[in-house]
Amino acid sequence: MNKQLLASVILVPFAVAAAMIALNQTLNMQLLASVILIPFAVASAAFLLEDLKQIGRVVAFLSWMQLGLIALIVYPLFAGQTERLWLSADFYLTRMDACFVLLTGVVASCALTHGHLFYQREMLAERPPTEKSVRFNYMFAMFFVLAMYAVYLCKNLGWLWICVEFTTLLSAPLVFFSRTKHALEATWKYLIICSVGISFALLGTLFIFASGQHGAVSGGTLRIDELIAIAPKLDPRLLRFGFIFCLLGYGTKAGMFPLHSWLPDAHSEAPAPSSALLSGSLLNCALFSIWRISEVVAASQTSTLMSNVTVWLGTITVLAASLFLIRQYSLKRLFAYSSIENVGVMLVAIGLNAGWLFFLQAVNHSIAKVSLFLLSGNIVQATGKKNLPQQTGLMASAPVWAVLMTMSAFAGTGAPPFGTFLSEWLILMKAMDQHYYVNVALVIIGLSLSFIVVCKHIGKIILGAPNPNLQYFRPLASSAIPALLVISSLCLGLFSGAALWSGTL
Amino acid sequence: MMAVGVYVLFFACVLLLPPCVIGVIRKGKALMQGRVGAPLSQPFFDLFKLLGKDQTVSQTTTWIFRSSCAMNLATTLIIAGIVPWLSFKPIFPGDDLFLLLYLLALCRFMTILSALDSGSPFGAFAASREAFLSMLVEPAMFISLGALALIAHSTSLHVVFDLSLPCSTYDVPVWLAAAAALFLGSIVDLSRMPIDDPTTHLELTMVHEAMIIENSGKNLALVEFTHFLRMAVVYGLISQCMMHAVGRLVEFNQLTAAIVSVVSILGMAVLTVWIESVFVKLRWRSTPEFIAYAMTMSFFATGGALIGDMYARHGL
Amino acid sequence: MQIIATFLVTATVLLWLVCSATMAALAFFGKKINHLVPSTVLFAGGLTMLLAAMFGWQINYLWDAPWPIYLAVAPLSSHLDALSSIFIGLLAVVVISVSLFSPGYLEHLSHKINNGCYWVELFLFIIGMLGLILAANAVTFLVFWELIALSSVLLVVSDLSNRQARVAAFIYLGATRIATGFLMAGFLWMHSLCQSWSFSDWHFDQHATLIPAVLIVIGLCIKAGIWPFHDWLPYAHPAAPAPVSALMSGVMIKVSLYALIRLLVMGGLVSPWVSYMMLAMGLISLFWGILWALVQKDLKSLLAYCSIENAGLILVCISLAIICHGINMPEIGALFLAAAIFHCVNHGLFKSLLFLGAGAIDCRAHTRDLELLGGLAGKLPWTMFFFVIGSAAICSLPPLNGFSSKWLIYQSLFMLANKFHSIWLSGLSMSCIAILGLVSGMSLYCFTKAIGIGFLGRPRSHAAEHATEVTLPMLAAQLLLALCCVALGISAPDWMAVMQPACTAAFSNAPVLSNVYTIPMALFAFLIAGTSAIIYVLWLSDQTNNVKKYVTWECGFGDLTKRMQATATGFAENVTYTFSPLFLYSARSKIAGRDRRHFPEDVTLQVSTTPVLASRIYMPIVRVVNWLGERMLLLQAGSIHLYLCYILLTLVALMVIGVLI
Amino acid sequence: MLVTVYEVIGIMSAVVAVLMLGSRNVQIQLSMYAIQIWLIVAETAFFAWQYKQPHFYIIALTLLLQRAILVPLFLHGIARRLNVTRDPGMIVPAPLTMHLSVLLFGLSFFVGQHLPMPSAVSGPIVIASATGSISHLFSGLVMMLTRRLALSQIVGFLTLENGVYLFALSQTDGLPLLMEMAVFIDILGAVMIAGVLMFSIKKSFEHIDVSRLKELKH
């Protein structure tokens, strides 16, 4: 099995990539090709190398290298040399896409670097996963990340849809990592619900296509820029249905309130690094797709209704998530619901058509949430228990984790001076300026409630007498990445100069 | 020369009047009860006798117990200095009515603490009651005097109680109501019947006497004198109010005013005698209802002051 | 001048930040922490801050934090002027005394709390308050506001194993977060009206600013412990370590009241609705706070409730200042403002003094329960002396500072009444005087109880019997505050001049305050002290009479046992009985024995009081929210068919919206 | 209006989809699904022939290969390996679900009429085949909602996808090849992974009754 898979996985794409490099002389293309190459390299490493530890190192190194390459590629955008990194009419990067790509890269690298430690630790557990599953996990993780990069690259709704679908398919194995009954159940729900949702997104895409066809241009188009250009001429009713279906579909993927049902299961059952990936980057992908479509809608005639719908859905999501948070019995589910709450806030930002605020919120949320999930992974490994009641006295028995946990919880729930506070603040400000008074009130209520509740749960974990059955392993190594993330969130809060988004307000 | 005379007279009154007042009260009560009673000068003898004695002090007491009576006497002397309770009183700087009220509070503070100091159940009992009573009577004191200050447009007492100041008809009811409020308040403040029975010998029913149950000798003498002085001052204040009310009708010159003020203090003593012989002591739980009357009168005073001013401005 | 002041402030903050960072590092590597270093740093910082306040008092200077520090929409900007420097001065004094007090206090908690965390949080807490006082725009304000909240919550739970502290901290966290919510709403609204974040551009004089003003007032009042939002305060303040409760009660409350002054009074609020609402809230909490303080058995919660009372008093002054501004009587408005500021300072001083005293008792007698204390006068003589001074000050007895601010309040109330602007307003201010009178009587009751039961009489427990005097630095801390109390009392007229510029900034044509303050307090102090000294020497000193020691009067039946003294509950019983409906008061007595009518053998009396708002309003709300939380879980029942059903329903709903709208 | 081949085929496959709901036998369901997809293939081919759009031949071919042959065989194989024969159905008995989806058929006719489809473009095929495709969607969802077995859920999902495809075919002329490829990959991946999962469900639960997967809640 392994051998054929090896062959299939490595040889073919290697050839493809090599061909690409050969065919294109431009530096960017070659870099891009090498970026695409890296996951295959990882895959090959995952199956060639004997020692898991080595694999971990290689993956960590390669992921950072990939990030570096990407940074190299997108540098011209930020240097202001060019407006869009052109690949083809369907694939190019604008500055905002590049930001998201970089964010995804950072999240992925952090998660995988920490994962190196995590999986080592996992092998020492009383019921360790099979080596094969770990190898597969690494491979799928890398391809999953690649798919997410692709999402930001697509400027064609069709391709966008395909890439999002791929993220689902590639992340299902990550959820299935620990072959337990629970993991199985979670995976099944994730797969089925997201597939159904995504097929509605397909329907929506078709509607938008049709709206273009009937409203404006015969032949129709799915390219974002063309759609935006002809937006006023699009058939409004079709476009409206298109948007609704897409919102439904991608919203399912993003964990919008009534459709979020798969999210807590998947996040809680996946291994900590994968949950970090899911929460820190996959949600952004789904929301980004909604944002893509709302761009088109915003340029069209039916913009107000759509933004109202989105803002209200976001508000409801925030409220519902904060209510869900009240009674939680498992550490990772808690953070999963807090992600849902943040998704609500981002939806509000999208509804306000404030792309950069959406990005800002995404960055802050991803940073905080990744560190939370990684830490919760540590704790779960150290105590061997997932449930909240068994986690007490963390401050007494594992002070470093406790402090980081508290700070990232504050960061995740939007307490100043962390970055999340500022982005939420900006979003609320925007909403206030656009006279969404009720929504602002409700969102503030939701945020406050969730802050209180999360702090209550965290307090239960942190405080109390020392926890006897907690082995405090490698405090520095295991908290390096979270510490990094917390500090960066703090910096985002304090040093977020006006230059960063002077154009956006 | 005149000024010196006034000072001498004033200090004589400060030292001599209080025992006389209490003497009058005791004698009067005795007469009302059909006894001969002790001579008017008896309080002087008592005080001197006590001053001659050494004191016996509970071993649980602290410096508070020892020093409180001194502080009380000092404060009361200062009160006597700033309150125009006699018409021929030298004017004292900063005689503010709020200061007066808080000086009274200071006395009460020290008294209560010294009562608690010995750890005796009686002392604590009485202290709690004293605190409660003063708490209830405080507002009445505040706004009845406040009403007077309102009609004088100033809070410094020598202005408020200046007989030579013009006084409109509208002010007469204010003065009367304030006097009534102050008198009802004084019954509580000086712990007389029907709030407190100073002559009983059952510790559980007493307020003031139980508070000073531990004092003896010189200490007791000072406490007693402080109490007498305070009584004289308060009665003086009330009688001043009455004089203002009357002053609308009769014109006082300085001499008459002086004589009247002294005499009316003794008159207040006689009034007390009458009340103490007619009324019985109230049940403890029903004291708030009694104090409510003082409050009502002070409300009348304030309302009168406000409405009176309104009329004085806009006419009827 | 500006350079020096800003330099001093910045230097202080940096010093503290560095120190807390080092503390954090030490704690991180599990090193033992010596209290001497941080307390010295805190002390030094306090001194520099005091200097900064002195310089800053004469200037009016606005400066932004340098690049790259920036808060998304607004710079991190600070505003140092007369008003803020008065509060900085208060903070500095309290900080100095806390720095003296903390090491000795932490000794007796050393086995319970993590010193590193304690110091780091303390530094952050103080920095937060400093920043809040200086904050010149809304975002900066919120950042420091939340910094205060979080650090103080952590300080409350610094004793990790204490369940009660945990509950208190959680309640406090909830309350402060709700306050933040209100503030956020109010600030956002104001921004959308004024299109600016800086407080100097916010003017509350149009009608449109009514709602944001109300929101802001509520937010700040929650933090200031004003009725009906006070219920968190009696939990949080007693649970914290004594120095922290001193800071919380002494400064934190004042800081939010300062924000009220800064925003609404300086912002020129005119709306009568808001100001009368504030007045009502202030009066109620004035009465409510002291009423509940009276029936407390725990010394610290007694003090906490008393803080509610004083916060109410200050709020009354502020609201009256606003009212005066509204009816165009700036000269009296300025008086009220001065009274408010002055009382803030004074209450800060004596309340911290009292809390430190309570802390001293706590760490020596190991209990704060008045029923178990008593007879400490012999054990902690100096602590008692300072506590008596503090209590006298808080009962506003002359010649201490409590009186000087109370007098100013009475004076301004009287002047307002004396203006006869309208009969109603005069009547209102007269009745305010009446209420203040009642309240001052009650606080006298309350604190005679605290001293009399806590210190006097005979020890009621073994712990109290074996208590010993606290260490010298701890006494020095209390001495400092006590001296401040006396000094501010005696030199009150001069302190009017200190508040002059602040009032002039708020009310253009403010009167010269020092002319208003006519009482020669120093003279009175001297007279009282001198006369009583003379009397003492003449009659009471041991030279003049030989004192015979004897047992307390016990009606001749043997010696009194220590249970034959008044209890705290019994001492306050008059009030509890009289106002029993307000306490939901219930007393259950049980008399047992063979012939229980004539020979009762075992008599038990149980009295209980219940906070009305908490039990009747807040708890039901919390229950409803929890119930909602429980119900929400039913949506997440685990069945995939159900989840698919949600998708269907959402689809239908969205399509209906799409078709109809 | 004149009845076209498209309408006939679309309605027919929709009817088949409805009928599919009636049976509890997994084999029958699968073959029903196969019939649907054969019909759709035919329609595609016809479309390609009529509108002279050669790339639709490719689409038809892929459809034929993937969905009409590969997937049914795959699912048949799974059904045999896991020897599941009958789906007990949940809440609503199978016949009733059929009747329900007949109602939904009617509903989808109304929706099809009111869908904002300017039928000028693709002629008369609009309404009826809109009805067909939407009714596919409904039948698919009803299938997923009222069946216990993981297998039947997959079948339902595939039916739903058919609906989407039919919609694409009928409502948007000259649908880009891209979308079809997308659906192709989607189906492939989904079905493959679902198959793998089904095996492991069988392995660890001894059944593939997804309605009993209720461990994860709250």
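We just call them A, B, C and D in the order they show up, numbering each chain from 1.
Please note the rule applied: contacts are C-beta pairs under 8 Å (C-beta built on N, C-alpha and C of every residue); 3 or more make two chains touch, one makes a residue touch a chain.
From a predicted model like this one, the values you see are computed outputs, not experimental measurements.
Enquirer: Which chain wins if you rank chains by how close their C-alpha centre is to the centre of all protein C-alpha atoms?
Expert: Checking distances from each chain centre to the full centroid gives C.
Enquirer: Report back the single chain whose CA centre is most distant from the CA centre of chain A.
Expert: Checked the centroid distances; the maximum from chain A is B.
Enquirer: Decide which interface, B-C or A-C, involves more C-beta pairs in contact, and give its chain pair.
Expert: Answer to which pair has more contacts is B-C.
Enquirer: As a quick test, compute the distance in whole Å between the mean CA positions of chain A and chain C.
Expert: Measuring from centre to centre gives 45 Å for this pair.
Enquirer: In whole angstrom, what separates the CA-based centres of chain A and chain B?
Expert: Their C-alpha centroids are separated by 80 Å.
Enquirer: From the mean C-alpha coordinate of chain B to that of chain C, what's the distance rounded to whole Å?
Expert: Centre-to-centre distance between chain B and chain C: 36 Å.
Enquirer: Taking the mean of the C-alpha atoms as each chain's centre, how many Å separate chain B from chain D?
Expert: 101
Enquirer: Quick one: which residues in chain A touch 2 or more of the other chains?
Expert: Chain A, residues with two or more chain partners: 188-189, 192, 196, 241, 264, 327.
Enquirer: Residues of chain B that contact two or more other chains, please.
Expert: Within chain B, no residue contacts more than one other chain.
Enquirer: Would you pick out the residues of chain D that each touch at least 2 other chains?
Expert: Within chain D, the residues that touch at least two other chains are 141, 144, 153, 210, 213, 215-216, 218.
Enquirer: State which pairs of chains touch, listing all of them.
Expert: A-C, A-D, B-C, C-D
Enquirer: So in the complex, the part of chain A that touches chain D is made up of which residues?
Expert: Within the complex, chain A contacts chain D at residues 156, 158-159, 161-162, 165-166, 169, 172-173, 176, 179-182, 184-189, 191-192, 195-196, 198-199, 202-203, 205-206, 209-210, 213-214, 219-220, 222, 235, 237-238, 241, 264-265, 268-269, 327-329, 333.
Enquirer: Which part of chain B faces chain C closely enough to touch in the complex?
Expert: Residues in contact with chain C: 51, 54-60, 62, 64, 66-67, 69-71, 73-75, 77-78, 93-94, 96, 98-99, 101-103, 105-106, 108-109, 112-113, 116-122, 124-125, 127-129, 131-132, 134-139, 141-143, 146-147, 149-150, 153, 155-156, 203, 213-214, 217-219, 221-222, 285, 288, 298, 302-303, 306-307, 309-310, 313.
Enquirer: Quick check on the complex: what are the chain D residues that touch chain C?
Expert: By the definition above, chain D touches chain C via 90-91, 114, 141, 144-146, 153, 210-211, 213-218.
Enquirer: How about chain D: which of its residues touch chain A in the complex?
Expert: Going by the criterion above, the answer is residues 115-118, 121, 137, 141, 144, 150, 153, 157, 160-161, 164, 167-168, 171-176, 178-179, 181-183, 185-186, 189-190, 193-194, 197, 200-201, 204-205, 210, 213, 215-216, 218.
Enquirer: Write out the stretch or stretches of chain C touching chain A in their complex.
Expert: These residues of chain C touch chain A: 27-28, 67-73, 76, 114, 139, 142-143, 145-147, 150, 157, 160-161, 166, 169-170, 173-174, 177-178, 180-181, 184-185, 188-189, 191-192, 625-626, 628-630, 632-633, 635-636, 640, 642-644, 646-647, 649-651, 654-655, 657-658, 661.
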